[in-house]
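What follows is one structure encoded as structure tokens, with my remarks underneath.
Going by the order they are written in, the chains are A, B, C and D; count residues from 1 in each one.
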Amino acid sequence: MQLAREELLRAYRTMKTIREFEERLHVDFATGEIPGFVHLYAGEEASGVGVMMNLDDRDYIASTHRGHGHCIAKGCDVDGMMAEIYGRTDGLCAGKGGSMHIADLDKGMMGANGIVGGGPPLICGAALANKNLGTGGVAVCFVGDGAFNQGTNAEGMNLAAVWKLPAIFVLENNGYAETTSSSWAIGGGNPVDRAKGFGLPGVSVDGFDFFAVHEAAKEAVERARAGDGPSFIETRLSRYYGHFEGDSQTYRGKDEVKEIRESVDALSQFREKVIGAALLESDDLDSIDGEVAELIDNSVSKAKASPLPTSEDLLTDVYVSY
Amino acid sequence: MQLAREELLRAYRTMKTIREFEERLHVDFATGEIPGFVHLYAGEEASGVGVMMNLDDRDYIASTHRGHGHCIAKGCDVDGMMAEIYGRTDGLCAGKGGSMHIADLDKGMMGANGIVGGGPPLICGAALANKNLGTGGVAVCFVGDGAFNQGTNAEGMNLAAVWKLPAIFVLENNGYAETTSSSWAIGGGNPVDRAKGFGLPGVSVDGFDFFAVHEAAKEAVERARAGDGPSFIETRLSRYYGHFEGDSQTYRGKDEVKEIRESVDALSQFREKVIGAALLESDDLDSIDGEVAELIDNSVSKAKASPLPTSEDLLTDVYVSY
Amino acid sequence: MARKISYQQAINEALDQEMERDETVVIMGEDVAGGLGSPGERDAWGGVLGVTKGLQPKYGDDRVLDTPITESGFIGAAVGAATAGLRPVAELMFIDFMGVCFDQIFNQAAKFRYMFGGKAETPVVIRTMYGAGLRAAAQHSQCLYPVFTHIPGLKVVTPSNPYDAKGLLIQSIRDNDPVIFCEHKFLYTLEGDVPEEPYAIPFGEANITREGDDVTIVTLGRMVHIANEAADNLAKDGVNCEVVDLRTTSPMDTETIIESVENTGRLVVLDEANPRCSIATDVSALVAQEAFGSLKAPIKMVTAPHTPVPFSDALEDMYIPDANQVSDAVRLVMEA
Amino acid sequence: MARKISYQQAINEALDQEMERDETVVIMGEDVAGGLGSPGERDAWGGVLGVTKGLQPKYGDDRVLDTPITESGFIGAAVGAATAGLRPVAELMFIDFMGVCFDQIFNQAAKFRYMFGGKAETPVVIRTMYGAGLRAAAQHSQCLYPVFTHIPGLKVVTPSNPYDAKGLLIQSIRDNDPVIFCEHKFLYTLEGDVPEEPYAIPFGEANITREGDDVTIVTLGRMVHIANEAADNLAKDGVNCEVVDLRTTSPMDTETIIESVENTGRLVVLDEANPRCSIATDVSALVAQEAFGSLKAPIKMVTAPHTPVPFSDALEDMYIPDANQVSDAVRLVMEA
């Protein structure tokens, strides 16, 4: 825990913002106000934030369908995200992308992705660009345990290895791809070994533990920045809600989520640790809680007040129009 | 070497047939008589034959662009193959497929493939069919060191592992994918480890040594037939000619092939071993040599005499015609 | 005996009856049952929208195969299994995912019979969900059936109602060629009369959902309903449209199209797909070549614009062709 | 100063000059240099047909990147690099291999700009070899540009001669959108006048290779030469064809097509691709909608048949549209 006070506050604020953002979407989705598919990241905060605390704007990330947490951790504007999810012109993609396609290249956020396994090849390119342009930046790809099996992920890991790219592959193993268990779907059962089979050194860490993730990512990012090539991190964690909103989750264990929330929740754990170690005080965190609640509340109001796109918007931003 | 005399003779005859077939194509291609791309298997005979000696007609194989050897070893008619390569109606595919698409489903030969990495998914299906239909058959996929990196190969290995299929993945590592070294292109550098990362037990064997390949394949086929799931074999070997006919091979080491031909050639090695162990006599093998030379000679004459397909053939065998 | 069931139930019933009839029929796909290896319920989903639910408990794990998320792997496995004696029905969850497994479809499945000189059969069905309307954005809302239609060796099916869905799926399974079976996600809840017993609708036979003498509207899938709606409106103004539901785009029933245009002399093609190299252009070109002499007016195409599918409901509603656009097109060709 | 060089040399020169001009231009692909990790010569191939030879020695390994055989991996990397500040030119050895990497092209590259609300640019070029004629059989001889043309967000380029190859490739590299640059394998050795200095040919401007008043032949790629050959023959019989070389199919120069048909009143479309949902149907439909009033005869399409590409030279020669078929089509529309 060699993080400065400011960094600890930032880590907590970011995790809390993600949690609040997602919990709010969970509630509002039920009212029918939010269009399309929404995949919530709640429960997985320590992973995205633990990794992203090691990055800055020149570093790129490729995200997944479950991308809100990565976006927030990478610095995307929360108002812009909320407006995007509501399909409004103030959205980060002007309402054209939606939850599954939020991107902000200025922040190095190359996009959530509706295609499972879409990210790994892309991130190799971002890493190559950073390498060739000499920015010192790295590139990080997030995949789920389902995506980990995609051929594109294998190809991405191999390419990063043979091109010695400044790339990091993060597997967020939440135990399920939709309803299917990762313990069934990953042949061999050991993602770290598989990554080694592609030439990537790797570790598996407790994904509820911000500090464990942060530490692993720090090492991987340093290795990448030093020009020593790509590496692999598995974060073991859980999603608190269904695969997408509306999923009745009958495939899950009884009280599975309840127990995790009560025992190893990333935010409570962080709170206890930093207070226990007298690094922060309860008040520090409580006031962040209050600020974040207001931030999210405002983002929803702003999103709802933002205008809908018009017929003109339909035809712009495509390379060729007919 | 627990093979019966008949089996040893068959193994030699098959390897010799492949060698002769390919050497003849090499010569005839230079005259301009053979259309299209031709990728020769000469040098790799012990691999295909060592594996195939463990299979029968209910067992399926998926081959590659370098497929002649697999076809012959799996029992495809040599006349039909030669006629196919010449694009004639007596060809195994009536002239519509050519060198890269020779297939004979009755023999369990599911096709050479023009797509690098095309085979691994297909072979999972053939293995599944054998499993579901209770034939006791297995399915074997051959890939090169280049194909080994394809995402489809990763997906195929993973699917075979999680479905516990009676499948065997054979990597024929001849050191090159076109001009590119396999030592550069395979991240991590150890294919057996990579296969383990997908849950496939594997071994790496000397691919010039028929007996080593045969032994490894025997074990893998037995495992598959017993319902114990898929496995992996790497055969390390070399191709005697260019990537395809016409390749000037400047990327290769000086005398690379010459040295292999002189030191570890699969056929000479086999000859020495079986004669040394007094399992066969020189005469046995010499007379096979003579028979094979005649067989190949005849196949070329027959191919050249076979009629060309007609305009009617152009439009048949497609599912829908317009 | 017919009763009212949904498009989704019709598909489930076709699968069930064919699996019952023929042991070699197997289904596979991501979460087609669901819950594999998980602590809770098995058959938890039955596909992402529940279309295959109930089949795994009835036919077991050997015939209802959940898969990892490796579409090249399992779509290719379905293709391979088809050449080796099974009749697999694989589910590609969204047609938009074709990009990660297209090779196995167009270079392998589609070409085996021809490339192997007529000696291979590949009776595989790939069921897949397509179309806009659920605010699923650019990577989950495409049509893409024109891409499959372009490829020789594939049959492409686009049922517009529960009756056709059942009959065409049964035909697809019995057919010895690879079939891309395109289910419009907006139609799953649509109900209609469907006989209980199995029946097969032959490929390449369009369905005239409405007869008329003034203008032919050729269309398919969800757009059939938009065409019918427009035709209803136009009928009030005395314009009689003939609506042709293609049912299958490959093979395509060119005769019915040509006959209808020979009778009406006017053609509007309504296609939800993007406009370039589409079914709209395909049908238009066919008529301009084969029934030119009968045409009294320019052909008019109504399609989605040449853009990805936008997310915002406001934009998506404008993106999808609607009955007003069709009526306008019909009026235009009537006035010409 | 123009001199005669081949189509292949013209492509190499465009790459060379753009790499010289702009440091962010990188090329990547299988064996684009060759010999990586091998004991012998480096830059051993320069691509399977030598098109990129000489660039690696000049620009080094950081800008000429050999790749493993993982098309999704490196085509995707090119796409990602393009959004992150490079201008990659990736080589997809044969267009037929699009099936293993199509997702990265149509769901990623093509959609970023729109999906991200106009905030992304993806200046990637995918050079790829297409077409029949080399006895390369069903998986190495396809056209497939209609598939790319169908997808909004892609630009599709099909040069028919060395001059266009150079100018269109330079434009492709400088363009801020993803471009599929389709090189016909039969044309590599074709020579023609090409200026030494760099120049860019704008997209969406067709080239009239021959003027005429009787019939418009719209075509592209290798077929331009077949059309010109047919036009030469027909001229002897007093039939004057106007031959329109599209140069790019997306964007497509609809104006030139329409103007020409308005003048001639007759249209033949010649396309080497398979017939369904193709450029042939696309151009036909455009004209049947926009220039119907000028048409004096049915439109006629000349295309490959709806089959995979056969291997046998006897069959492949029949498969590829030839000048006689074009002349027959022209005569047919002249007589109508």
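Heads up, the rule we're going with is that a residue touches a chain if its C-beta (ideal position, glycine included) is under 8 Å from a C-beta of that chain, and two chains touch if they have at least 3 such contacts.
Keep in mind that this is a model prediction, so the values were computed, not measured.
Relative to chain D, the chain whose mean Cα position lies farthest away is A. Chain centres here are Cα averages; for chain A and chain D they lie 39 Å apart.
One finds 30 Å separating the Cα centroids of chain C and chain D. One inter-chain figure worth recording: chain A and chain C are separated by 35 Å, centre to centre, where each centre is the mean of the chain's CA atoms.
Of all residues in chain B, those touching 2 or more other chains are 91, 93, 95-97, 101, 113-115, 149-152, 154-155, 158-159, 162, 184-187, 318, 320, 322, listed in ascending order. For chain C, residues that reach two or more other chains under the stated contact definition are 68, 70, 72-73, 96-97, 99-100, 103-104, 107, 110, 114-115, 137-139, 152-153, 250, 276, 305-308, 310-311. Because contacts link each chain to all the remaining chains, their graph is best described as complete.
Note for the complex: chain B touches chain C at residues 60, 62, 91-97, 101, 103-105, 110-111, 113-115, 118, 120-126, 128-133, 139, 151-152, 154-156, 158-159, 162-163, 316-320, 322. Put simply, chain B touches chain A in their complex at residues 149-155, 157-162, 184-190, 193-200.
Here chain D touches chain A in the complex through residues 24, 26, 62-63, 65, 67-68, 70, 72-86, 88, 103-104, 107-108, 110, 112-120, 152-155, 177-178, 204, 250-251, 254, going by the rule given at the top.
For chain B in complex with chain D, the touching residues are 35-37, 87-88, 91, 93, 95-101, 113-117, 146-147, 149-152, 176-187, 249-254, 256, 308-311, 313-315, 318, 320-322. Across the interface of their complex, chain C is touched by residues 72, 96-100, 102-107, 110-111, 114-115, 137-139, 146-147, 149-153, 250, 252, 273-274, 276-282, 284-290, 292-293, 295, 297-301, 305-308, 310-311, 336 of chain D.
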